[in-house]
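What follows is subunit A paired twice: with subunit B in the first complex and subunit C in the second.
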Partner chain A sequence: MGSVRLYAAVAVGGFRRYATYRAATAAGVFTNTVFGLILVYTYLALWDERPHLGGYDQAQAVTYVWLGQALLAALAIQGGGFESELMERIRTGEIAIDLYRPADLQLWWLANDLGRTLFQLLGRGVIPFVFGALVFPSALPRSPLTWLSFLVVVPLGAVVSFGIRYLVALSAFWLLDGKGMLQLLMITGVFCSGMTLPLNVFPGALGEVVRALPWSALLQLPADVLMGETDPLGAYVFAAAWAVVLLAAGRLLQSAATRRVVVQGG
Partner chain B sequence: MTDVTDVTDVTDTWRIWRKQTEVTEVTECFIDVDRLEKVFTVRKKTGFLKRERREVRAVDSITFSVARGEMVGYIGPNGAGKSTTIKMLTGILTPSGGRLRVAGIDPSRERTRLARRIGVVFGQRTTLWWDLPLIDSYRLMHRMYRIPDARYRENLDRCVELLEMEALLDVPVRQLSLGQRMRGDIAAALLHDPEVLYLDEPTIGLDVISKAKVREFLRELNAERGTTVLLTTHDLQDIEQLCSRVMVIDHGRLMYDGPLDGLHEAGESERTLVVDLERELPPIEAPPARVVRVEGPRQWLAFPASQSAAPLVARIAAEYPLVDLSVREPDIEAVIARMLHSLGDSPGAPRPPQERATA
Partner chain C sequence: MDGLRAYGLIAGMWIRSSMAYRVSFAMTVVGNLLLSGLDFVAILLMFSRVDSLGGYSLPEVALLYGLSVTSFGLTDLAVNSLGQLGQRVRDGTLDTLLVRPAPVLAQAAADRFALRRVARLTQGALVLGYALLAVDVDWTPAKVLLVPVMLVSGAAIFGAVFVAGAAFQILVQDAAEVQSAFTYGGTTLLQYPPTVFGTELVRGVTFVVPLAFVNWLPATYVLGRPYPLDLPAWVAFTPPLAAAACCAVAGLAWRAGLRSYRSTGS
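And then the complex of A and B:
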């Protein structure tokens, strides 16, 4: 009970920290909308040449783009969540302060990141998504049940995203300089989540592999749930399984890091 | 026959004495460190793919104990092993050897349990939430340490009043000045009534007024709540005004453990009186003070740090045309360096590390 209240407070803090920077949020909304427009016209050109590419019709392709823009910041698909902050804390030794606290490092950052996710979903995701749905033909579901399943699969995706980035962030205990890892995170995130093109489009073994990786829970899976292209239960199981695996790996890495690695600085 | 009974008597007495000290240890000794060691293995490149493993003894068989309610200064040059010791005391580093108990707890095994009972303040780092108003960080502490509501409000009110923070609570931490942030950090570390407070350079970078506020607050905390304080600092005045006891560490070894006066004696440290006279005059004669430097009408006089400056100042003011004066404290590094040096010279004293002895 006590820990629930603590991590709830951390999540609220995470939410409020991002809410502080209103101009940055407005700039983000603008960027996502413009970027969405560019992608929509690119996709429309592509789908004009190759109708039903990856099993989507044109309206579905458009909805996919706007969903991507809505989730880009919220699920930190190309990074940009807590990970660079945590890496910096590890590099400078500020991590020592976090370790002095009677709180679990992983749960602390998870709560913090979920708070950020919620803010960015509302603050940066809703406007581009609504704009897209109003201006372009869209393939949004009528059934409230489908919307509900969508609202279940997105938080699962957020935990998967956290799990990936937590592993990346902890690498700083050994590597110290995190720039390379952050770049790797960005490239894998953008491609493997389906941000470049829907993962359904990729043929053969590459497609199979990419769809089985955890990143597909960040965009491909929520999109397919929303547009009724996949069974929600299967999607939950897939995302939840990856979340558990990644969190467990993070926990292992965390205990190795805090036990064996020297906390930097005096 | 008589000899034998005598011997048993002695051992019995010794046993009883041992038992008594053990009992007092349980009640009195709060931090108990026995032959504590931390050895780091450093790999050094010696050629292509060749590496040499070298051991660095950051903390080398240190033994001390701190009673509940004591205020102890823990000082030493940079890299002496101070932070490593504190990291072991708080449980974020595991000792390589020796025994360590804080409030009866083995820190590295039960870090989280111990964390509820300790407070940590770093002068150069902050535990506060950078982007949010100060009060948000305190609300988080409230939850994190599961402080009962009434207790939390009482402690917060007290800190806010004593550290003069009423106007700061709604200000985002990033907008606070260094002195304000430092006070904010100290309050954050105390809301859960820690039994021991580790302070690492709590006055670094602060102006005179902020320093005085922080020291005054710590003194009151110690007097009223009996909080045990372990203070790491490079500011000798922190120690002078707060600590009855000083521990000096160098190259991972405990070189001195005792009152501050003893440190001055061991180092024969001196304070400096800087005197501005009306005009250029021959060096002032006022033994035991001696003139160490003359520059026009300004003269520098060194006198033992254990003596009061008042009679010296009175005498000079009476005999010379005095315009202005100031007293400079010996800086802690100088005192320690001299102390380490003098320990190295005297036989029977704990042997300082090689470099120091030969230097």
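And then the complex of A and C:
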């Protein structure tokens, strides 16, 4: 029970830490809204040219855009959560102190990151999403059950996102300089999640591949669940399976890293 | 002149420092190249499903893209650090720049100069090269002359946005993302044909934040296409004037911003 309380406190800390920067949050809302506007118009033009592209109608394409803007920061789709901080701790050697703490490293950061996710979902995600739904045609579900299944798949996506970024962060044990990995994280995140273009629009084999990768659980899957384009149960299984695989890989990498850790700056 | 010399010295120092880790430098250049190319990959993916977007063919969109990204790339390479000025205001290190015997703007712009940003410029120039070869235009001397004029004026307009944004960050330290909406958002917007966007938005970027002078107005003339707003044809030749006006406004904003600076005092 004590450990549940501990990780809950860490999650609350993550939430409150991001909630402190109100001006930054407002600036982020503004930026997400501007990018949403730009993307919406290009998607409208695209779907004007090819109605039902990727199985979406225009309203669904619009909702997809605003959902993407709502989840971009919350699910750290292009990075930007705990990972650069953890990498810095590995680089400077402060990680040695973390490893001595009576808490599990992976669970600690997972709790911290989920707290951040919840804040950014509420603080940065809701306003652009509501703005988009009010100003443009949208394909939001009426059934509360669909909303409920959406609220299940998003946290699963958050864990998948964490799993990917934890692996990236641990790479600092070997590479020390994280710039290249963070860049790779950004490239894969933006492209494979469907931030640039919905994955169901990707042609042929490329589409098949990106839809099977874990990044599709960050945006494509939540969007399809919300708009009733996919069976929620299948979506849960897909996201949960990737979450388990990535968390397990993180464990393995962590034990490999800590076995050979040579503390920097010692 | 003093400013340019200071800028050159500081930028040169940062280049030498990044060259100390050649492999890391090469990797980040390749990474930046990929990252910058993602937008264009999205456009290519769109055109794998449609033949035109907003009535524009792929070479025509590529021309807009190439002009937008090349001119933005010039600015991004030269003054990107102005986008993070808020951080220096927050931690009080702007003080250091103020006591040095060199113009603050030059120091702030050259701060953390990153040669790896040459990647975006290169990627934009490659697409521009493809577009100039592939696009179907009756080249007249005036149209040929407009291409370099667009690049230089466009870079100056984006530069003005960076400077004005930096001035705003002196007031609101956490507003870096608001600036991104105009800089990165601006270059993304201009990659697509003006016909794609709503008239209100086009009006806004023509008359309020005159980003349309970077490429939309002159490029629609080059392509022989009507501009969504009813403007006389000679407007296509006014980007240098718009750039001069933007720089003047940005200069005033910078002075006002710097005058209002209050150090954290720590």
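Just so it is clear, the second predicted complex is superposed on the first by the 266 of 266 C-alpha atoms of A that agree within 3 Å, B and C clash if a C-alpha of one lies under 4 Å from a C-alpha of the other, contacts with A are read in each partner's own complex, and residues count from 1 in each chain.
Assume a contact is a pair of C-beta atoms (placed from the backbone, for glycine too) under 8 Å apart; a residue touches a chain by one contact, two chains touch by 3 or more.
Quick caveat, the model's predicted, so the values are computed rather than measured.
Colleague: Which partner does A:L197 contact after superposing on A: first (subunit B), second (subunit C), both, neither?
Modeller: Second partner only.
Colleague: Given the touch rule stated above, what does A:W215 touch, subunit B (first), subunit C (second), both, or neither?
Modeller: Neither partner.
Colleague: Between subunit B (first) and subunit C (second), which, if any, makes contact with A:F119: first, second, both or neither?
Modeller: neither
Colleague: Between subunit B and subunit C, point out the one touching more subunit A residues.
Modeller: C
Colleague: Just subunit B (first), just subunit C (second), both, or neither: which does A:L184 touch?
Modeller: A:L184: touches subunit C, not subunit B.
Colleague: So in the superposed three-chain picture, is A:R259 touching just subunit B, just subunit C, both, or none of them (first/second/both/neither)?
Modeller: So A:R259 only meets subunit B here.
Colleague: A:W242 contacts which: subunit B (first), subunit C (second), both, neither?
Modeller: The answer is neither, since A:W242 touches no partner chain.
Colleague: Applying the document's definition of touch, where does A:Y166 land relative to subunit B and subunit C: first, second, both, or neither?
Modeller: neither
Colleague: On the A-aligned overlay, A:W109 touches which partner chain: subunit B = first, subunit C = second, or both, or neither?
Modeller: A:W109: touches no partner chain.
Colleague: Kindly list the residues of subunit A that each of subunit B and subunit C touches, one partner per complex.
Modeller: Dual-contact residues (subunit A): 21.
Colleague: For the complex, give me every residue of subunit B touching subunit A.
Modeller: 40, 78-79, 82-83, 87, 90, 92-94, 111-113, 115-116, 118, 120, 122, 125-127, 129, 131-132, 136, 139-140, 143-146, 172
Colleague: Which of the residues in subunit A come into contact with subunit C in the complex?
Modeller: Residues of subunit A touching subunit C: 21, 23-24, 27-28, 30-31, 34-35, 37-38, 41-42, 44-46, 49-50, 53, 177, 179-180, 183-184, 186-187, 190-191, 196-197, 201-203.
Colleague: Given the complex with subunit B, which residues does subunit A contribute to the contact?
Modeller: 2, 5-6, 8-10, 13, 16-17, 20-21, 93-94, 96-97, 99-103, 258-259, 262-263, 266
Colleague: Give the list of subunit C residues in touch with subunit A in this complex.
Modeller: 21, 24, 27-28, 31-32, 34-35, 38-39, 41-42, 45-46, 48-54, 172-178, 180-182, 185, 188-189, 192-193, 195-198, 201
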